[in-house]
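Heads up, the next two complexes both have chain A, just with different partners, chain B and then chain C.
Up next is the complex of A and B:
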């Protein structure tokens, strides 16, 4: 096989891997939108906040130390201990559950029945608030996230595939981090499906997503379900934050990964978990292939805009996205 | 009665908050929040702490106290322009926008308002032509100088011959990142190397395509024009695809601690340009003792000695020296913005003066003139030692190829002058 063809295959494989990372971000949006009709603009910032909290806990950082020191003239930054990764992840999940409860209790509980645009605007405010609180709690410096996820090209894959092409082919490059992200995404989606299908709370969540008035009439607590959904979105945000943060360090630009999820949502639909996954994969492969084949002819850097062009093309034919609920309006 | 009380209170407030007549107001368009906070914070800390040291140690500059007017831009061009508009009426003496995007927007505004702007090693390169851009200064060096310094370094590494070599430029797809392209194209014609361009859309979280291309094409060297998260991701991706770190050279905005620390040991050997040498200067001890320990630091002091902190301090030193020069020329300590511009244009930085200031060898010797607002253009190459977590200088200051750069500057400045109806000349 020609090296050119094999490199094309490599681009597709890496596009699929990148798509998984986009889908991880998109999943959080889908969970909240499906259950409550809220487009959560703060999902990217939630990923940042979760990753900041994880690193802060692992390193034993004193939250709000800058304010404490400025107010009381102290010089405390660290508790002097470190926390193992698994325990830190568990504690971060607790923080995200508390966050979910606070968001519901102090914000959305008071906005029940409001127009979707009002709820959307509330999430914009929430994003700015959360970014500010994250900065105050953990500082704005870049933090190294080391929870033992391997990184770098898989030599096993590279050596195994080297002989497929000629001298000009160096073997397939697949990042070990991307492989881990794919496995985690599969486990996460499987877990969410099992939870939604086979648990009482999961079925209640689906009932609320289908018709919250009907769900309310049979005794399902909307308050509990919304806290549950925001908690799940917080968990997904943590996973996305960890995967993206492992690449670049945990820093405030992580909040911008939400921009990568938007075309995925447009394509896959705002209400479908499989849609988020398939949408992510299509966007990942599409943008990487376009950059590989057409990019050099138009000066490169096509990925950001091409993802949106691809999503718009799908929208022309399926406005609800690939897996979204069909829009039926009776007049 | 109520209205009278309110009006009096408002009047008292206005009087109390108005600037003291002889204050030297220096705005700091900082970014401590947002995606680029990790880079903006240490620079701003260094900039402000040096000015605070002058206040604490010398009572300001020429006996006039300095007041820093900080305004948060979040590295956002619109916010940067808002900051400029909101601070310029405060008798602002000189602006340091720390953003090429903001600089481009402010060039016509600052020129119209007759307030000088110092864009230390960033911004519009052709602003070096002082006759066309009388209110903009980019000393001690420009982006085009940086591109030439990088190529001159590679020439020295290859026996003065780069013919047949391939150099890939991976750059921030913005006004900033595109700045060196023209110079590198000219230099590739001159030295016979092949230039490959790889733009990365900001912020640069995802660069898989670019690094797969580098892995396929295996260029001899990769030069990076990055900022913020682009740098961290690029260094990690370079390590992932096994690109040799000692063949990967960042410009001076891609060579600070936040750029390399997230990659850990994988970043070992990464090289970057610098316009200011990193070492333990005596002035840092003074800042620690008289500013940080006294509780007047702009930050918590944890950034002291880092690349961007020292660069911020260096920028502040150049500003302070310009103001001192302006005071000398004007014969008064209470200088205005126009007089500071004159001081900037007459600035001369010598080794003796840098030593006297407790920062011997921090930058090259240079002087500014009406024709040359960019200084000597020299830069050095440093390498990251991941074990000790320090930048090690590999070279002394390298002189750029002015025979290539100067005609480009003249051409670009002439085009700008023609577009804007400017008749070049000295003020």
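Up next is the complex of A and C:
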């Protein structure tokens, strides 16, 4: 096989792996949107906040240390311990669940039945508030997140694939982190699908997504389901935050991955979990392939806009997205 | 025939007033009693307040910005109007809403399972109840794997009633089960309601526009007009009442009247006694 072709394949593989991460972020949006009709602009910031919290807990940082020091004239920054990664992840999850409960209790519970645009505005407010709180709690410096995921090109894949090409092909270069991220994302998605399809709470979640009134009438507590959904979105945000954070450091730009999820949603549909996954993969592969093949002709940097152009095309021809929920209409 | 004076009263609504959006007065003092083991019909035309009465009882009004401003609702002698719909379902009162409201993207069986949400019963007990529902509604068994949104109106109505049954209710508030269904299907569904009442001992409060069918199956009836109860009595008496015949059953002693005459008669004669 020619080296040209094999590099194309490598681009596709890398695209798929990037796509899985996009899908992960998009999933957070889908979960909340389906169950409550809220388009959660704060999903990206939630990923950032989760990653910040994780680093903070692992390094034993004192939360709100700036305020504490300023008010009491103390000089505390660190508890002086470190927390193992797994425990820290569990604790961060608890924080995200508390966050979900607070968001629901203090904000969205009071906005039930309001116009979607008002709910959307509330999430914008929430995004900036959360960003501020994140800074306040853990400081605004760039942090590195190392939870022991291997990084760098995988020699194993490289050696395995070397013989596919000729003299000038050195094997596929695939980042180990991407491999781990892909596996984690697949497990998470499979878990979510099993949860939604086969458990009592998952069924209730889908029931709420279908018909709020009817769900109330059979005794499903909307408050509980909404907190549950926000917690799940928080969990997804944590995973996305960890993967992106490990890749490029935990900093403000992490919250911009939400922007990558938008075209994924337009492509896959706002209400479909499989849609978010397939949409993510298409965008991931599409933008990498486009950059590889067409990029050099137009001066590169196509990755920033390609996804949006693709999404716009979809909006014109299939506004509900690839897998948007079929509107069941009977006459 | 059940005599309401001799049996225990399950649900008692006294003189409730309901206001939507803080301004629109819909119920102007409705009182009614639902005896244990009976089928009580709540009759009246469009906008009379039947659905609002049921929703006031099941506490689904809140999500529609409605509020009970006066009067009391008691279940087994206990005031229940501050309870959540969830707490009420746990006490055995469940509403089957007007227009079915099945979960369209869930299968029929999943729909039924959501009815058991508030119960902490074992899987075996839930499956036994599922079997019971399928025995009452054999059609649902055939469609158990279909998405509810793709089943017929009659099947959806059966699904909605079956879903309520899965909560092991003592009282079902059934809102307009005949809506949009063919007469034969209406008969079938009312027949099943009667069966459930007699064999499972479920009490029903039934809101219905189809006075004819409702009075044939119910034990006791209330007639609502513009948010007030204008008449009540055993179903048999109501069926024989000349005014009910005239206004709701469309027949009078002089035989059938044309609709135009009925309306003009109605304009002349005010009900409020």
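In the analysis below, the second predicted complex is superposed on the first by the 325 of 331 C-alpha atoms of A that agree within 3 Å, B and C clash if a C-alpha of one lies under 4 Å from a C-alpha of the other, contacts with A are read in each partner's own complex, and residues count from 1 in each chain.
Criterion: a residue touches a chain if its C-beta (ideal position, glycine included) is under 8 Å from a C-beta of that chain, and two chains touch if they have at least 3 such contacts.
These numbers come from a predicted model, not from an experiment.
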{"item": "Chain B versus chain C as contact partner of A:140, first or second or both or neither", "value": "first"}
{"item": "Contacts of A:213 with chain B and chain C, given as first, second, both or neither", "value": "second"}
{"item": "Which superposed partner A:203 touches (first chain B, second chain C, both, neither)", "value": "second"}
{"item": "Touching partner for A:80 - first (chain B), second (chain C), both, neither", "value": "neither"}
{"item": "Which superposed partner A:113 touches (first chain B, second chain C, both, neither)", "value": "second"}
{"item": "Chain A: partner with more touched residues, chain B or chain C", "value": "B"}
{"item": "Which of chain B and chain C A:148 touches, first, second, both or neither", "value": "neither"}
{"item": "Overlapping contact positions on chain A, where the chain C interface meets the chain B interface", "value": "none"}
{"item": "Residues on chain A engaged by chain B in the complex (per definition of touch)", "value": "7, 10-11, 14, 17-18, 66, 69, 73, 77, 131-132, 135, 140-142, 144-146, 151-153, 170, 173, 175, 177, 244, 247-249, 251-257, 260, 288, 291-292, 295, 299-301, 303-304"}
{"item": "Footprint of chain A on chain C - complex, ascending", "value": "58, 60, 63, 65, 84-86, 88-90, 94-97, 101-106, 110-111, 113-115, 117-118, 147, 149-150, 163-164, 167"}
{"item": "Parts of chain B lying in touch with chain A, wherever the complex brings them together", "value": "32-38, 41, 173, 197-201, 203, 205-206, 208-210, 212-213, 215-216, 228-229, 232-233, 236-237, 239-242, 258, 261-262, 264, 266, 295, 300"}
{"item": "Residues of chain A touching chain C in the complex", "value": "112-113, 200, 203-204, 206-207, 209-221, 325, 328, 330"}
